[in-house]
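The structure under discussion appears below in the form of structure tokens.
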Amino acid sequence: MRAHSYTVSTRTRTSTYAAIVAVCLVIAAAILPAFADRGLIQDLFFIFTMLVLAQFWNLLAGYGGLVSVGQQAFVGFGAYMLFGAVILAGWNPIAALLLSGVGAFVLAIPTAFFAFRLQGAYFAIGTWVVAEVVRLIVAQWRAVGGGTGTSLPRDARDAMWGVEWIETVFDVRASAARDILAYWLALALVVATIGGIYWLLRTKRGLALAAVRDNMEAAQSVGVDAARMKWAVFLIAAFGTGLAGGLIFLQNGRISPDGAFSVIDWTAFVIFIVVIGGIGTIEGPIIGVLVFFALQTLFADYGSWYLIVLGLTGIVIMLFAPRGLWGLISDKSGIQLFPIRRRLSGVERAGPSSSSMEE
Amino acid sequence: MIWVDTIVQGILLGGLYALFAAGLSLVFGIMRLVNLAHGDLIVLAAYLLLVIVTMLGLHPFVAALVATPIMFAVGYGLQRHVLNRVIGPDILPPLLVTFGLSVVIQNALQEGFSADSRRMPAGSLETASLPIGPVTVGVMPLLTLFTAIGVILALQWLFYRTSLGRAFRATSDDPVTASLMGIKPQRVFAQATGIAMIVVTIAALYLGTRSNFDPSIGPARLIYAFEAVIIGGLGSLWGTLAGGIIIGVAQTLGAAINPEWQILAGHLAFLLVLLVRPRGLFPRATD
Amino acid sequence: MALLQTNGLTAHYGDFQALFGVDITLEEGECIAIIGANGAGKSSLMRSLAGVLRQDPEMVVLDGQPIGSLHADDIVARGISMVPEGRRLFPSLSVEENLQIGAYRSNGSGSWDLDSVYAMFPMLKERRKTPGNALSGGQQQMVAIGRALMSNPRVLLCDELSLGLAPVIIRDIYAALPEIRKAGASVIVVEQDIGQALKVADRVYCMMEGRVTLQGKPGDLSREAIHKAYFGVGE
């Protein structure tokens, strides 16, 4: 008789090349401020932060099966936590970023408590209701501008950690230095996000997550604690979304309830990015954000028509190519840049040592 | 006395919310589909009514008779050609398609009609009022509540006393076996959405004559409708009416304390019910 | 010309082939039985006849008309009605409503209506307002049969009537068959219970692994032949 030793592996040759390319890209991005003009830095900031939001929404919906149309609650709350800490407690804005994430994490607890009482589409609308409630309550908070909003105080802005250093090293004005600082933070955040999500999906927990999404009862029957997984994913996504929200409005310098809790900016656009790029994959949102950025640059001046085209594109993709652009590419070529699929390889060994174990 | 008046106003407001919610409840009951564009379809119907009223010079109530078959066709076509493709065990496609639809409708209306607020004049009915006991109620809000009750009675009759209603219930239970009875599930779904659009048109009539509307108010109507359905319990039309009234009363009570708190009060009431009765007040026994 | 026949009927579920060129015929007024073990392909055959599994048009022919590619709802209109495996009553409908929905797309006039179904199964009339799934297995089977009759079919397909029922109940159910045939329906019965199948059928087909392995009149077939055709091994 033969003995087998099995190994489970995920790496492919393409993915190894892709990893090397990715590292090079990150290094290039890090030193970019030395050469690039301010416009490019700002554009990349937008791309990075939207990508972070998209990756977390994708983690929730594509992997966790939790479709939320209320993530703007965490964007806004995270941003307001930052502004609140700076304005009311004199925190340095960079330090306050951590509070954005933590604050959103804390908000996610009662949110999940209520929202998980609902299923499917009703869960989705439930998250929207919570976002509305948070928006309406925050709009009563006079200290941070109430319904009309407020700006980040000038002295806090100038005191942001690292701004002075950037001004001298890159020989730029304060406002450009702030953009570079925000850019680096966004770069760090997007690398951490994608790296973290990829790592998560490669662990046992990631497999469990996919199992819960596909068939909760079957997953539970093999010992997966489905409720715990959903909570974990929801809270993690909230943390990341809040952090991104804080960063976005830190760079912006100004906040208002309608802007911070905008369904269009922080949910509709994010959903379209993920859907058009390809839901349920890490590569999908990357492609999606690039396509979205291109569309935004070309058509944003056309106001409503732009949104109509975006909406129609999302509908068409969902009807005819539900796995998005990356799904089309991946299906045709079989390529996975972030391979998660596990392959089982078995090695057969024949010999006297194994056969003596029988009988 | 002011509290009695507030509560009565809330009940009447609830009638409007129940009208918003009835179409949503109907479609979900039959095909487990939640149309995120539901509120925007109400607004679309309101604009349709506006066009008919301005072009043909009809009274809004008469215009509704003209708009109803048009909206039925819109619902039928939408279900038949778009939504039927995404009904199934996966919740993502219908959610995303209807979300996309919501964005498209809002912005198309914006392009077509601009973001200005509109309203439909209803003549003398607008300001007419009726004294009932200790309070005076407006005729329009009263009419809205009675219409909501009437619509629900009609839907109940349709569901439980007609052959079509039997087909709806059977298809909702088991589409494959329903086809063994000679029922075409695809067509049943399309008819259901068409009927839901008739209810939407009626809701739009009362929305448009009661207050100002513009292309962006759809999502808020969806949320009120959804809250009413959840509070009432999935699968119960009378529950939806109760849910609408609860939201309405919560809102008017909140507004009486502080006008800025009106909408928040409605949401908080919803969350409270969700907390103590997650399945709603009158949930269907089987689901 | 046979009332209903299949020509080289094949069926696939994805990569899995369930039927390999099955030929059966049903003459007007006949009752035929299809017997075979689990997985033999009996259900796939019934679903193809009922339109749940759509085929090439010529593979299923009714009265000379090719119907293989029609949807289930159109097949009902042509006069083929199925009593599905597992009864599958509608839980949201009462007994009476389950019967009524059977007539949704009626084949025209005929002798079956609520009164005649209640006459055949009197205990259903007592429970007409009960929800469909609150009945015992045997009563549900009666409702399912009545429901299928309400469209006045020319061909009645009975998929595993005896499944999950006690022998006494099975006898009562099958006792209704002669009356159904007398009223004008030709019947195809799918059964795992060989004894019952042989008792009611004019002709028998035995299937194994997607093929017809034996056919003939019950009286002409030996026990050994049936066993071999059913199980594939000698006794």
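Worth pointing out:
So that you can tell them apart, the chains are marked A, B and C in the order they are listed, and the count of residues begins at 1 in each.
Keep in mind that, in the parts below, a residue touches a chain if its C-beta (ideal position, glycine included) is under 8 Å from a C-beta of that chain, and two chains touch if they have at least 3 such contacts.
Quantities reported herein were computed from a predicted structural model and do not represent experimental measurements.
Summed over C-beta pairs in contact, the chain pair with the top total is A-B.
Chain centre most remote from that of chain B: C (centre = mean of CA atoms). When each chain is reduced to the mean of its CA atoms, the one lying nearest the mean of all protein CA atoms is B. Centre-to-centre separation of chain A and chain C, using mean CA positions: 55 Å.
If each chain is reduced to the centroid of its CA atoms, chain B and chain C end up 44 Å from each other.
Centre-to-centre separation of chain A and chain B, using mean CA positions: 34 Å. Residues 163, 166-167, 169-170, 172-174, 176-184, 286 of chain B are the ones touching chain C in the complex. Of all residues in chain A, those touching chain B in their complex are 61, 65, 67, 69, 114, 117-118, 120-122, 124-126, 128-130, 132-133, 136-137, 140, 263-264, 268, 271-272, 275, 279, 303-305, 307-308, 310-312, 314-315, 318-319, 322. Residues 50-52, 71-73, 76-77, 81-82, 84, 88, 90-93, 97, 100-102, 104-106, 147, 151 of chain C touch chain B in their complex. If you check the complex, the residues on chain B that touch chain A are 32-34, 36, 82, 85-86, 91-97, 99-104, 106-108, 110-111, 219, 222-223, 226-227, 230, 260, 263-264, 267-268, 270-271, 274-275, 278.
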